[in-house]
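Two complexes are shown next, each including chain A; its partner changes from chain B in the first to chain C in the second.
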Partner chain A sequence: MSTVTQAGPAVPAGSAEALSERRPLGDRGFQVLALAAGLLVLVILVLIAISTTQQATSWFTTEGFKGIFSTNWNPAANKFGAMTFVYGTAITAVIAIVLAVPVSLAIALLLTEVVPRRRARPIVYVVDLLAVVPSVVWGLWGILVFAPWVQHIYASIGSALGGVPVLGALFGPPTSGASFFTAGLILAFMITPIVTSLSREVIATVPAIDREGAYALGATRWEMIRGVVWPHSHGGIVGAVLLGLGRAMGETIAAALVIGSSPVITSHLFAPGYNMPAVIANQFGESSGVFRSALMGLGVMLFAFTIIVNVFSRAVVARSARRMRGA
Partner chain B sequence: MAAVTAQPQVDLREPKGWRRTRNRAATVAMYLAFVVVIVPLGFVLYTVIAKGASIISWSFLTSPIPVNVAPPGVGGMGPAVLGTIEITALATAIAVPLGVLGAIYLNEYGGRGPLARFIAFMADVMTGVPSIIMGLFIFTIWVLHFGYSGLAGAFALGCLMLPIVIQSSHEMLKLVPNSLREASYALGATKARVTVTVVLPAAIGGIVSGSLLAVARAAGETAPLLFTILTVTTANPNVFSGANTALSTEIFANADQPFLGAQARGWGAALTLVAIAFILMIAARLVTARFARYQH
Partner chain C sequence: MDHPEPKVAETELPEPTAQQQPREAAVFERPGAEVFKTKNVSIYYGSFRAVTDVSLDIYEHEITAFIGPSGCGKTTVLRTLNRMNDLVTGARVEGDVEYRGASLYAKGVSPIAVRRRIGMVFQKPNPFPKSIYDNVAYGPRVNGEHKKSRLDEIVERSLRHAVLWDEVKDRLHKSGLGLSGGQAQRLCIARTLAVEPDVVLMDEPCSALDPIATGRIENLLREIKSRYTIVIVTHNMQQATRVSDRTAFYSVLRDDKNDTRTGVLVEYGPTRQIFEDPRDSRTQAYVTGRMG
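For the complex of A and B:
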């Protein structure tokens, strides 16, 4: 890097070739190194796809498409249907989103529209603390403290709503502290910081002049939010919500501890269930052969789902950010 | 004169009735949302501190892990503390340099070209890949061939950290003003030299702080370690070979134990892990406050 190559007298000064030829080896080496580090991201993603799919082939060849869509998961009988866990993943992720999104949006609006910037910072720190608490600590708290405490509440809600047509099917008995709902609730706490911070970024792109225009017309703050902030930012907020959905789908350890570990498909949200990351975490250690391959297959499906959700959400966010800049 | 008095009175007071009620209700709802977040956070932190503080001590942090039936006072989490520090440090040593280099490519070399934009996009996407997938990935390509080790765990955590470091470093490099680069080029420096001696030092505060946050995230992760370090109870100072252990995986193993001693040790480990994460986060904030030259 320190060597300075002498430009030959034949090279005319100022031409483009002369400049590029004069670049020392160290300079070019550094560029290649940086490029390699950048490409590593793509290499890892491709390798994840290839290696895990390879491990899952023996499951796929024994069970086929029918196996993937089967709901029969019984390792003792060599039956590995994936649908129970896909269902559980969808249910817990939806519960998490339904609970986390209104709260996150309200906090994002609080931070951008209500409190002054100086007082917003401590609120941001507190919300971010939710993400600093490790997943396994949420799980430990969930299974040893929260689930025993909440099961009485579930039981009384269940007995109150048991006879009501639709609500009874969702919230009626059987109830248990470790359940779909507990898992969804804890996932909601965990994804709130990311949904809040992304929504806040999106809302911050709303031009100040539009806000002031609405206020000048006599709008209240809430009318301004509905009339100016929402139309400007709902696209980006959809992206933020999708990103939260991706996180909720893949979050493993907290769900593995509090979901109840029961591979059943049921509409009862207060009943124990199972989802894809939880079953991988809980059963991988004692698995082998087709069993292990099936868990790998669940991993491949989870990887595919989260990649799709994430690509989609990032694209939505990027598009709405571009539109904002153009406006 | 008469025209002036004929002007309508503009009412600048807050609107009354339904509009005001709705506005108030919306504001109250926003504050309530914040309360909704504080309650579980306070509940968790209170429980972890209350249950963890009663068992934690210097000997807890250094003693070997006893059998699960051992009462709360016996033994500790020494091997797990050692494992977490070793594995996280190794993961940091792998992921941070690569991540910063990747960010340098994205900002200094790739620019707005299609490849750089694609890599930046995929790095964003990669931050959303579930951490358990990183564990399965390293299990497949490393553990199946070379066995369980702290190194395998560090690879898995490194995969998790890499896109986070790229993302945050990229943001920081973007903030370095172009005039700095141009002044250095005008002095005849090569691009590599400009990047290493001018651009990186200008952004170092933000890069270090972003990396510390990535380390805090990785230190608390369990899922990538489950299938890579095997989680034994004996201490293994050799991070490069042999099964290892970590605080997070020990908590996971202890959480569904019926024995009070095992649960108590789980709480102690949880407090240790939360403390590590908080210290790293506070360090990141301090670095930002002290060294960051360019901020958003």
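For the complex of A and C:
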């Protein structure tokens, strides 16, 4: 990027003329274009960060840090505490990850280690199709079909576990079809394709010769997976999971439709709740002044969280890549 | 080469000299028990017949070398001896492969159990992305050994057998990926020896190594052959003459009419006879370098 006058490598020796020859216009044009595109992304990102932060300042100046850590969200009384939604975002994202990761890994291992490549292809298509279902369709299906259906399951689990110490606090009543858990489930469906396909790609890079090395020692398929595939790919898989986590945190419309829209902090997973993207989507239309500024503030926090998760996941992947090179 | 000639039945050879090595004489006159007996083995990948009608016996505590041009099926034959080819979709074996009297491809034979007795070292050193210690302990662990003191013992013994112990004893818990090519290959040999196999199959184990590392591995082979039976595929004919007791020469049989090719076993016998008195003109051409 720094120097534009690099000489081509194939210059014949002893010819000063050839050395000073300028690179063709197309080449320089391409370099400028690529650089501009790269910078544009950066500029847009910075502008979003600056303008949303600016819009959030009036919330921050009226509420201060108290606003971030307060759990009181009451627009009618001009109380805008963010913690309820941070909590809801964390809960739904964790539920989504806990449900999606084992399934995704199982599918990825099935496709790479068990099913022959020829027969794996249709399964890959189907899993990838899950990824193209629009978010709003997931949300509508979730609230119109899925929530009424799981409601009965929640109710029976809730009544069965109501009195049990820890489980009762998590799965006991109140129960509702639109709840943290339903939102987590829908998010799990939505992130399964990305986690599966990233894990599958990582696992596919495990060298065949390493697999054979394990088999040659009398390892079973499972022992080979544990001994060779896992150490080779766990860094990449953690990266895939964190990318899924970032998506689950930021996913908006589906969560807004099925989460129940109740700004409370509760340990009951089957109870209605709220999270950051959902509250922004649901309440932005009727907001103004500090209310709108508070919603912008939630957006800034969410943006920051997803950036942190992304940076962290990249660091994990890079670290494991370094380890693989043998340090 | 002016080595003394050992006695070989039915061939005219120069007089044996006083320097004749008893080890080699023993090989030719009284071979040990047959470890493998293959009869009319043909190996297919899908509809492609990679190897046709291979029949040979491999004897206990000998080093048997498979040589021949590329595509002659020597590696394919090697990989059928511990059912490694099961991992290739479409691979199929016809004919008898007997290991110590039992058919390797009979129904109910577990390839996992087979590979626990018949280990394999590959062309490219392939240490696992684990510590040196865990690389060697991997095999014993999958075979159910979890006692720390036993594993320590196995790891040290295997690394000593593979002549790697002195170089790595201070960094057993560092990654196996940080070793040089020759060290990594000896680590892979140690890993194979750690499960105390009966047979060690080696698929061009030195082709990625420099001459010094190659020399080390060859010394190692000579050292461990009293305890193991070794089959080695090699492109290096000098290597075959240096380490092996018997040599099998494979070649490619082309059928220009149908545009097919398949690997065949041309000649099998004591290494010295194969190299110095080959009976087949194709063997002669190959070992004298007149054919690729």
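Keep this in mind: the second predicted complex is superposed on the first by the 285 of 327 C-alpha atoms of A that agree within 3 Å, B and C clash if a C-alpha of one lies under 4 Å from a C-alpha of the other, contacts with A are read in each partner's own complex, and residues count from 1 in each chain.
One rule holds for everything that comes next: a contact is a pair of C-beta atoms (placed from the backbone, for glycine too) under 8 Å apart; a residue touches a chain by one contact, two chains touch by 3 or more.
Note that the structure is a prediction, hence the values are computed from the model and not measured.
Enquirer: Is A:Leu198 touching anything from chain B or chain C once the two structures are fitted on A? First, second, both or neither.
Expert: neither
Enquirer: Looking at A:Pro116 after the superposition, I want to know if it touches chain B, chain C, both of them or none. Which is it: first, second, both, neither?
Expert: Touch partner of A:Pro116: chain C, not chain B.
Enquirer: Counting only touches as set out at the top, which of chain B and chain C does A:Val150 meet: first, second, both, neither?
Expert: So A:Val150 meets neither chain B nor chain C here.
Enquirer: Tell me which of chain B and chain C touches more residues of chain A.
Expert: Comparing touch counts on chain A for chain B and chain C gives B.
Enquirer: So in the superposed three-chain picture, is A:Glu223 touching just chain B, just chain C, both, or none of them (first/second/both/neither)?
Expert: After superposition on chain A, A:Glu223 lies in contact with both partners, chain B and chain C.
Enquirer: Once the structures are superposed on A, label A:Gly213 by its partner contacts, choosing first (chain B), second (chain C), both or neither.
Expert: second
Enquirer: Is A:Gly139 contacted by the first partner chain B, the second partner chain C, both or neither?
Expert: First partner only.
Enquirer: Going by the contact rule set out at the top, does A:His232 touch chain B (first), chain C (second), both, or neither?
Expert: A:His232 contacts chain C only, not chain B.
Enquirer: After overlaying the two complexes on chain A, where does the chain B footprint on chain A coincide with the chain C footprint?
Expert: Shared contact residues on chain A: 218, 220, 223.
Enquirer: What residues of chain A sit close enough to touch chain C in their complex?
Expert: By the definition above, chain A touches chain C via 116-117, 207, 209-220, 223, 227-228, 231-232, 323-327.
Enquirer: Using the touch rule from the top, collect the residues of chain A that touch chain B in their complex.
Expert: Against chain B, chain A makes touches at 1, 23-24, 26-27, 29-31, 33-42, 44-45, 47-48, 51-52, 54-55, 102-104, 106-107, 109-110, 114, 123, 126-127, 129-130, 132-141, 143-146, 189, 192, 218, 220-223, 225, 243, 246-247, 249-253, 256-257, 277, 280-281, 284-285, 296, 299, 302-303, 306-307, 309-311, 313-314, 318.
Enquirer: Where on chain C does chain A make contact in their complex?
Expert: That would be residues 82, 84, 87, 89, 112-113, 115-116, 119-122, 124, 126, 128-130, 138-139, 142-143, 175-179, 188, 191-192, 195 of chain C.
Enquirer: Inside the complex, what are the residues of chain B that reach chain A?
Expert: Residue positions touching the partner: 14-15, 19-20, 22-23, 25-27, 29-34, 36-38, 40-41, 43-45, 47-48, 98-99, 101-102, 104-106, 108-110, 116, 118-119, 121-126, 128-134, 136-137, 140-141, 159, 162-163, 166, 190-193, 195-196, 216, 219-223, 226-227, 248-249, 251-252, 254-256, 263, 266-267, 270, 273-274, 277-278, 281.
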